[in-house]
Each structure stands twice: as structure tokens, then as C-alpha cells.
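Below you will find the structure I want to go over with you.
For reference, chains read A, B, C and D in written order, and residue numbers begin at 1 within each chain.
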Amino acid sequence: MGAVFTEFPWGVILILLPVTGGILCFLWPQIAKITGLFIVFVVALLVVGLAWQIFNNGVYRHAVGGWGAPLGVDLYADGLSLLMLAITALVGMGVSVYSAAYFKHEQAAQFWPLWLLLLAALNALFLSADIFNVYVTFELMGLAAVALVALAGSREALGAAMRYLLAALLGSLAYLLGVALLYHGFGTVDIALLVERAEPSPVIWAALGLMGAGLLLKTALFPLHFWLPPAHASAPTPVSALLSALVVKASFYILLRLWLEIFDPLVGGAGVEQLLGLLGAAAILWGSVQALRQTRLKLLIAYSTVAQVGYLFLAFPLVAAAGVSAWSAVTYLVLSHALAKAAMFMAAGNLLCFGGHDRITDLDRVVQRLPLTAAAFALAGVSIMGLPPSGGFIGKWLLLEAALMQGRWDLVAVMILGGLLAAGYIFKVLGYAFTQADISHESKAVPASMEWTALLLACGAILLGFLAVPVLSLVGIGDPFGIGEVRP
Amino acid sequence: MSTAFLYALVGTGLFALGLYALIVHAHLLRKILALNIMGSGVFMVLVALAKRTGDAPPDAVPHAMVITGIVVAVSATALALTLMLKLNAKSGHAELPDDRRE
Amino acid sequence: MIASSLLPGLIIFGLAEERVRLRTVLNLSGALVKLVLVGFVLWGVSQGQQYETRLALLPGLELVLRAGPLSLLFVSLSALLWLVTTVYAIGYLEGSPHRSRFFGFFSLCVTATVGVALSGNLITFLLFYELLTLATYPLVVHRGTEAARHAGLIYLRYTIAGGALLLVATVWLYTLTGTLEFTPQGFLDSVGAEQHTALIIIFTLLIAGFGVKAALVPLHGWLPLAMVAPAPVSALLHAVAVVKAGAFGIVRVVYDVFGVEFAANLGVLGPLAWLAAITIIYGSLRALFQDDLKRRLAFSTISQVSYIVLGTAIAGPIAAIGGVVHLVHQGLMKITLFFCAGNLAETLGIHKISEMNGVGRRMPWTMTAFTVGAFGMIGAPPVAGFVTKWYLGLGALQAGQEWVIIVLAGSSLLNAAYFLPILHRAWFQEPPNTWPKEFDFGRKETAWMLLLPPVITALMALAAGLLAAVAFSPLEWAQFIAEQEFSRP
Amino acid sequence: MTLLTWIFDSLLGLSLLWLAWRALACPNLFKAIVLFVAFGLLMALAWVRLAAPDVALAEAAIGAGLTGALLMAALAKLHPTEAHNDFAVPPEKNVTKVWSWQWLPAITILLVTTGLGYVVLSLPPYATGLSTEVAANLEISGASNPVTAVLLNFRGYDTLLEIVVLLLALLGVWSLNSADLDHKAAPGIVLDTLARLLTPIFILVAAYLLWVGAHAPGGAFQAGAVLGAAGVLLLLAGWRPRTGLMALPLRLVLVIGPAIFVIVAMLTLLIAGQMLEYPPTQAGALILILETAATVSIGVTLAALFLGGDPRKNNRNKNHT
């Protein structure tokens, strides 16, 4: 029995199953909702299986086609990939339940196949050990995401989807050129083999520049964030949640992997980390200030994503003296932001659905009568602000610890200021939850499942604040951050 | 300079031309063309450098990658063109709305 | 113990507005259960037992709840006053909207306060401290008016910024020492001398962070504004939860993080004492010129809470007793005053002092309680406030800081100057023919749920003064705590 | 390398750059697309010079042919005022603008490109990449054309995902747009006849390319592209499939490629233990099955992309507008 569990190829099924689901949903739109929900829940179970396997056997490796690198493509999963898969499954379940009530009729028929293929792309991305394969999954993810944004159908959404598509394609091409140089420089596209073969050379620098720029564009790090706010704000709500919670993190994950495995050992300490940290700091301040200035709720949340992405990059310059804290912080921030931001977008979607608009100043009519939604927004906000007890707090604590260990007062100041600004924009919204307003008539009922999923995800973000020890020990499997070998 | 490097340089040139056009042109059809030319540049680098095998047949792996890339490119182009038409039908323009007009 | 208010709180959120009876039962039973638990633990600790709960929060960091003497002092205070305030709030809010929400956050607020009290290390403290901020915000803006929203915003600005300072200081401290566990006499002995500048900055940050809630001048700006909240909230904010949590934080920092001796050697206690003294005088002066009753009480709070800080900062065992015991005394007295102010507003529509002519004849019980509280504030024997001032004065003399006596005397004079005219008006002036807005309560002077709490707390304040020497009195506990802090093994 | 080939390569390279430049800069969009198609054809020539006949075929059929057709069709459907006004700013204003900000990207890109050129030249002049590994395993891969072996066997997983990308693009297009299914009168007798004549030929060519792909240049993508071209030609000539076919049958044909791929992936996973690990004896057959399914799907998908919308939505949308 145990052997079946530990030998079963969970990882591969994680990719193939959603693809199958996407095809089924496309063929028979009538049963798309049921099929979609079923597949997503099975995927979550598969992730549990994979976790069991990794926990018992250590890292997971699957040589597709039986060839093995460098000739074939490898799948690879360690603690970090597992955690990304898990958060994808978790947020994915939430979004699916939410979407089941959100999308109706024709839109539902279009949503489910696109979403399942996006899920396949995300899973494939987190499992990939091959940089060209990553390119293909990027395209899969990008096209699915763009098509999902365009589902909203409004003029803003179409413009935003177009801008998003152009940015995604540009990012992919820059990334692909980097892949081309690495392949021709070192004769392989397998990450592990590249680590063995790569040596400091112009090729490494050019590849870092190209792939880095492409990935930063996809991750929307300031000042390459221009495409994100319109796309995330004008997409249908479940899609906004997916994009902010997962898709942005996917490109960040690849960037992190490549940096940790390939580039850091070769060019670490040459100022690239500092540049990333600087951009991250700028992103925090710029994104937060912009969020504070928005008059529409979904744009506010979208700019908050720009700011939160900045926190992830603050870790890069802090690794030298405090590797454990900095990378644990990144993991934690990624996880808690995924949950909190998904919950926040869903809450915003409920308000939008209920009141028919998302103008912040007119929210008083709405927020009061959706207490669950208001609670979801507030709890998610606690995590985004980094207040205890929440996952966001743990992340911020670790990051602060790293910054203080290294004496980086500038970054400490940025983090504190970012937290204060975040409190500013979140309470700008929450303040309306308590104002007395006359009952308005033009409102639509919000399905209970949409309110509860938002609340549950938000509770997840809070709960994450108490799970640091098991989560961080899980991430350590396979030593993705190279902490085992202490750098001088 | 060998054939491989000559064409590889042409590839980087195409990439640069496409990138420049993507940035300065506002019309979406032009931007889509620019991305296609950038793509061709990248493919050119991939295939050209595969021919550094002397007289032996060139490395087939980049060739396969490029064929994959071409199919991906045409998929993306088709989606982009449809988006452009839809946007054009809704707004009467085939440019992106300016950021400042928000 | 925390669960006894957290659980009812969460359940109450889910309750429909109409379920008044169930909500009342939940509230009161939660409060009673907590009181019983506290009594049990109190007895246990006095028998030398240890109560501790640990939960891993981060590698190397734990969530620690520990029932030490200082914690218990604060816990007993909040448990007792919670029960009283709950009764009062149920009476006060009869018939107003959003009661489920109110009592939900009310319970959360007490949860956080108890958490603050029981915290066994700085990160746990921080966690509950921030929770307190979040839980009180909805209470401050409960009325939902534009003024309330504004006050809430100001409140948040102060407290969130303070919280951020605390966070930095805490993390910094952790990177220097690798522990955050509260230890009598501090845990910083191992830190080398070259880090002392850093420690001074950390101390400043911590004091600034807690000072926001303790309303130390110049960080007091939010407190008078927050008076827009309903009376039970004001009572709770001032007497038990927020302000006290800040003061309690300062006590913790000085005693259990830095240690009195260490802090005195760093030279940070002198400025703290001065800051407290300035706050005492400034608050009293401002109170003198307020006509709005609640605002006068608010400035009085600013002044009174700093007695606690002052007692801590004087760095002598007797002054410490005064400071710690004032934590309890001020709570009892101030809550009485706020209950009375609330009664006046709810029964007769009185908000201003100039409207209080002859109110003592209309509402004798309320005003008697008010008088007891006011005399306590002035420091007249035999009310509890006298004990505080006596010990503070003695402690100052013992520590050779005679200037404190002048501050104490000055502030007592000012206290008298702003309380006595009120009493004079209430008892000796002719009542007007009509009150601003009178509600009918039949033959009683007001609803019994409103009347009972202030009378009880006033009696307790009296008792704390009269029976100060009895075992289990606040003073005895405070002496126990001071002994722990000042006796070197 | 002889001088003659060097001159030829240089000229070809320069004309590629020049055509790209003209296609991106010429003010008329129609001309730009024509130039782009010409560019694609020259690219095919360049691929031949680089000894990449498979890529050349794919480029000619997909890169130049189908992309060009898609672009032309899109241009035709653009709002008339937009189709010819291709610069956002009028030319005279454009000139002043050039100096205000366009020099910045130009100089940056120039610097970056110079750097890239240097990096390219810094690569070792002789490298075999993975060609030895490919050659060593060609025997058991089931295909003697190394490109097909890589695409369908060694890196078959990429190809699986890539076919899904194609399907995804169609899903995206369909979710955005509905297609006009009314029969059109053929634009002219010439085109009509041409279409009738060429379609069977194209199908034959596609079948040939598919078959030959196992050991010579060609394969699923090229064959699919030719099939797609046939479809485009039919659509151009005004032919529209019957509505009854538009429902499930069309969708089944569209997904047959990815579906067969996924099924094969699952089966190999169960039997061999690794996804897409073919038993050497059946590898050839499996590859042929995969390629046939892929060809059909690619061809139909490409033609459907050209049609540019979801045929199912046609009637419903008409009622709305």
C-alpha cells in the first residue's frame, strides 16, 4: 500500500489531468462546471499524494520519455515546487468554487476549459526542470491568462488583455533568447546540468540580462509593472484572483529558481541583487502610493499587488548575511499573498456583484450588508498589511530580521513605510464598512458560496501565521535555497 | 566569419529591430508584426548557432525547438489579431488606450 | 482563559441582531467563566504553581502565554471590569443597531487584552497588542458618523505607526539577543557594551510604540478624539484595554526586557520619568479647560496613566509598587467616572459640565459614585488613588528624586481644580427646570443595568483604598511584583 | 567557405534586415504585410542555407504563409479609418516627437544589441550541442529524421504542450468572437477554380509530408500547415462548412491531436513507467499515430483560426445585436 503511494507518478498526472479536463470541458460544455470542479479537487488530492511522496522519498524526478537530461525533458519537484503546487491547488479550489457561482451560461463554457489549461500550465511550470520547457509552459500560461482576462468583454478588459498579451510575449521572447544563448553556450537546457557546466562568461551575463528582463516583465516588477493594474483590475473577478495570486508568482518562481541554481553562484555579489532590491523597494513605495490614490476598489487591489511583488525582491540583497531568514520570508510572502490577494479580489468581486460598481467612496451602501465579505476583506487586509497574527506578518518578520541582521536600514524603512501605506489603503476601504448608510435598492444577491470562499481563503492567510514551523520545514526538502552549503 | 555566426548576428539584429518597432509604434498590427520579427530573430539565433558542427549535420534539437516556437508564435499571433479586431470594434481604434487618459 | 472571551466573541458575530437573550447569556457566561478561571489561577499561583502554554510560531520563536504575578494583576483587573462593563454595555446599547457586531468586537478586544496580559515574550505581546488595535477600531467607529470615521482614522494612524515602531524594535532586539522571553530583571545582560547605543534606540522605539497607546505626550492626540465612541467603549479603552495595554507594555519593557538596573545604567529611565511628569502636568492642565465632560475625563486619563509610567521610571522598589498598583486603581476609578458620564448622557442628555447644575439631586447614586471616583483621582484618602500617590511620593524620596514630589503635588492640585467644580455644581447648585433630553425610567433614577456597574466599581475603588493591607489586595500583589524585580538573587 | 557563398549569405542577411526594417517602418499597412510575407520566404531560404530544411518548410507554410493570411484577413476587417492610418501621430508631429523621446530606446537597444553581438561571437566556433546524443539514440527513437525524433520522442513532452497551446489559442479566439457561417459567393471564378483544384493536391501533399517526415524533412507541423492552407483557401473561396458539422464533430477533430497525445502519455506512463516512453519496437508506429492525429488537429485548428471565431455562437449573437 505504502509502495503504491510512494511510487505513483503524482507529478505527471498533475499535468495531464487538467489538460484532459480542459479537453473534456471544451468537448461537452454542458458538463463543464461539474467536470471542472471535479478535476480541480482531484488535483488537490494529487498534490497531497505528491507531498507524501516527497516527504518519504525526498525530491521527485521524472525523466519524460525515459531519456533523461540532456536529451529528454525532466520533471523535478522539491519542497519549494511542492509548496507552489499546494498553494496553486488551494487557491485553485477556492477560485473554482467561486467561479461555479460567478460564471453563467456561455461564459462558464468558455471559462472552464481555459482555467483548467491554465492550471495545467501552472502545474507544469512548477514541475519543470528544463528551461525550454518552461518557455512552452509560459506561453500556455500567458495565452490562457490573456484569454481569461478578455472574457470580461468590456473595452477596458480588451485593452488590458491586449497590453498584457504584448508584455507577456515580449517577456517570453527575451527569455527564449536567453535560453538560446545558454543552450549554445553549454549544450543543455536542463537546469541541473547547466549548474554543473556553467561557468562565468559573457554568455551567462547576457542570459541573465535577457531572461531576467523577460521574467521581471512577467512578474511586473517596477518599472515593468505597467501592464498589471489594468489587466488585474478589469478581468472577471475569479480571473483577477488567479492572476494576482498565482500567475505573477509563477514567473517569480522561475526567476528565483534560475537565480538560486544558475546565476547566483556565478555572478552573485556583483550588484545584481542590489539592483533587484532597489527595484523592489521602488515597487513597494510606488505601488502603495498608487493604491492609495485609486478611486476604484479593484484597481486599488491591483496596485497593491505591484507593491507586494516588491517585497519579494527585497530578499535578494539580504541573502548574503541572512539566507535562511530571507528565503523563508520570500516563501512565506508568496504563500500568504496568494491566499490574501485571492480573498481580497473575491471580496471586491462580491461587492461589485452586489452593488454593481466598485467606486470606493460609494461602498458604504454595500459593505455593511455583506458582513462575510467585509470580514474576508478585513482578514486578508491584515495579512497584506503584515499585522499579526497572519502569514503576512511572519513573512515580514523574517524579512525584517534579515534586513536588521545585515544592517540594511534603508530596506527596513521601506518595509515599515510600505506597511503603513498598506494600512492606509486597506482602512480607506474598511472605514466604509462602519458608516451608516440608507438602504439602497439597486442590489443583487450574492451567492453564499462566493462569500464563503472569500472568507475561507482569508482565514487561510491568517492561519498561515501559525503554521510557520511545518511549512518552512517542508520547503527545506531538497534544499532549494542552497542553505545547506553556507556561503562565505 | 562562419555562416553560423553571420546568421546569428542577423538574428540579433532582427531581434533589436523588432524590439525598437514594438516600443515606438502605436498601431497594434504593427506591434504584432514587430513581435513576429523579434521571434524570427530568436529562432535565427537558435538555428544558426546549431550549425557550428563543421561538416557534420547540424544539431537537430534547436531545429525542433524552433518548429515548436513557430507554432507557438502563430497561435499567439492569431489570438493577438482577434483581440485587436475586437478592441477595434469596441473602441474604433487599433491602438492601446494611453495610460495617461485613465 | 483566552478562549472564554474569544469563543463567545466569534459566536456572537454569527448571531442575528434579534437574538438578544442568547447573546446576553453568552456574554455574561463568558465573563463569569473567565472570572472564575482567573480566580482559580490566582489561587494556584499564590500556591507557587506555574501556568504556561507554548506554541511554536517560527523556528526559534514561540507563542508563550504565562501566568506570572504581573500578568495576573492585569488579567484580574480586566476580567473583573469586563464583567461589569458587559453588564453596563448591555444596558447602554439596548435597542441600538449592530449589537452583534459590537459585542463580537468587544469580546475580541478583551481577548486581546488578556492575551497582552498573559504574554510570556515580546512577540506574543506584539501579536495581541496589534490584535487589540484591530479589535478596538470597529468599536471606536461604531457610531458610524463622519466624526467617528475621522476619529477612527486618527486612531489608526497613531496606533499602526506605533505598532510599526514596535515591530522594528522587537525584530532588532531579537537579532541582537536571540530571545524575547520576558525575564524578571531583563534578559539583556549578555549584550556587549558596544551595542548599548543600539539598545538605547531600541528602548526609545519601544517606549514610543507603547507610548502611543499609553497616550504619552506628544503621542496622545488620538485619545480625546476617540471619545466619540459609545460610553462603555470609552470606559474600556481608558480603564482596561488600550491605554492600559500601552502602560503595561512600558512596565514590561522596563522590568522584564531591560530590567530596572540595566535600564537605569543605560540612562534611559531619567528621560522617561521626565516625559511622564510632563504628561501628568500637561494632561491636567488641558483637562482644566474642557467643558465637555468626556473630554475632560480623557485628558485626565492622559495624566493619570503616566503615574504608572512615572512609578516605573523612578527605579525604586516603593515607587514601583505605586506605579503597578495604580494600574489597578486608575482602572477602577476611571471606569466609574466614565460609567457615570455615560449615565448622565443616557438619562438626562447631559454632555457638558455647564449642564450639570444640581444633577446630584436628580441622580444621587450616580453622582455619589462619581464623587468617589473623583476623590480617588485627586488622591484624597481613603480612596484607592491615595495609596498610589503615597507610594509614589515615598518611592521618589527613597530614590532621591525629590522633584517628583512637586509634580505629584502640582498634579493633585490640578486634579482638584478640575474635579471639585464639577462636584460643586452637581451637589450645590440649583437644578434647571428641564434637562437637555430626559428619558423616562419610572421611579428609578436610571436603568438598573446602568446604575449597578458604577456603584460596584466605586465600592471596589473604596475597598482597594481601605483594605489595602489585606492579602490579595492589589497593593499586596504589587509588593510581591516589586520584590521580584528588585531582589537580586 | 567559398567567397561566393559568403557573399550570398551576407546579401541574404542584409536583405532580411532590410525587409524587416521596411515591413516595420513603411507607412502603408498593406505593404507592410506583403513585405512581411516576403521576409518570411527569405527566412525560409536562410533556413535552407543553415541546413534546416524542416524549419524551412515550417517557416514557409506557417511563418510566412498562414501568419501572412491571418494578418491580411485581420487588416481587411479593421475599421476603415484605422487600416490606413498606421501611425498614432500625424507624420509632421511624428518628426518632432522623434527627437523628444525616440532616441532613448534607439540608443539603448543599439547598445544592448552590440553587447549581444559580442556575446554571440564569444561562443566557441565549434560545438556539437546534443547532436551526438541524438544520433546515438536515433536508432531506437522510431524515426530516422532527427528533427522528428526530437519533436515526437526525445522532447515529445514539449510538443504535447505546444499542441495544447494551439488549442488554447483557438479557445481564446472563440471566446472573443463568433464566426460568420453564411455561405459567401466566391470572390471570383479564378479563386473558386483554384480552390477546387488545389485542395485535393494540398491534402495529398500534406499526407506525403506526414509520411516522409519519419526519415526526411517534413512531419506533422509542416503537413498540418499545408492542410491548414487548404482550409484557408476553401474559406477564401467562400466555402463554409455546414452548421451541423460545427458542433461536436468539429470539436472532436480539433482536439484529436492533444487528446491522442494525452492518451499515449497516460498509457506509456502506466506501461513503461515514464510518460511518453515508447517501447523501441512500437516507437515508429506510435509516432505515426501521434503525427497523424496532430496533423489533422493542426490543419483544422489553423483553418479555424483563420475563420477567426466560434461558429457555435453565430446564431445567438445575431439575436443580440
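FYI, a contact is a pair of C-beta atoms (placed from the backbone, for glycine too) under 8 Å apart; a residue touches a chain by one contact, two chains touch by 3 or more.
Since we're looking at a predicted model, the values are computed, not measured.
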item: Pair joined by the larger number of C-beta contacts - B-D, A-C; value: B-D
item: Distance from subunit D to subunit B - Cα centre to Cα centre, in angstrom; value: 12
item: Geometric centre distance via CA averages, subunit C-subunit A, whole Å; value: 43
item: Distance between chain centroids, defined by C-alpha means - subunit A, subunit D (Å); value: 31
item: Rounded Å distance, subunit B centre to subunit C centre (Cα mean); value: 68
item: Of all residues in subunit A, the ones touching two or more other chains; value: 132, 136, 139, 143, 146-147, 150, 177, 181, 183-184
item: For subunit D, residues contacting two or more additional chains; value: 112, 116, 120, 123, 127-130, 134, 154-155, 158, 162, 165, 168-169, 172, 176
item: Junction residues of subunit B, two or more chains touched; value: 15, 19, 45, 49-50, 52, 61-62, 65, 68, 72, 75-76, 79, 83-84, 86
item: Chain-to-chain touches, reported pairwise for every pair that qualifies; value: A-B, A-C, A-D, B-D
item: Partner subunit B, residues of subunit A touching it in the complex; value: 132, 135-136, 139, 142-143, 146-147, 150, 155-156, 158-159, 161-163, 165-166, 169-170, 173, 176-177, 180-181, 183-184, 226, 230
item: Residue ranges of subunit D touching subunit A (in the complex, touch as defined); value: 112, 115-116, 118-120, 122-123, 127-130, 133-134, 137, 153-158, 161-162, 164-165, 167-169, 171-172, 174-176, 248, 251-252, 254-255, 258-259, 262, 265-266, 269, 272-278, 313, 316
item: Touching residues on subunit D, where the partner in the complex is subunit B; value: 1, 5-6, 9-10, 13, 16-17, 20-21, 23-25, 29, 32-33, 36, 39-40, 43, 46-47, 49-52, 54-55, 58-59, 62-63, 66-67, 70-71, 73-75, 77-79, 81-82, 86-89, 102, 105-106, 109-110, 112-113, 116-117, 120-121, 123-131, 134, 146-147, 149-151, 154-155, 158-159, 162-163, 165-166, 168-170, 172-173, 176-177, 219, 221, 298, 302, 305, 308-309
item: Parts of subunit B lying in touch with subunit A, wherever the complex brings them together; value: 15, 19, 22, 28, 31, 35, 38-39, 41-42, 45-46, 49-50, 52, 61-62, 65, 68-69, 72, 75-76, 79-80, 83-84, 86-87, 90-91, 96-97, 99, 102
item: Subunit C contact footprint on subunit A (complex, rising order); value: 371, 375, 382, 385, 387-389, 393-394, 396-398, 400-401, 404-405, 412, 416, 419-420, 423, 427, 431, 434-436, 465-466, 468-469, 472
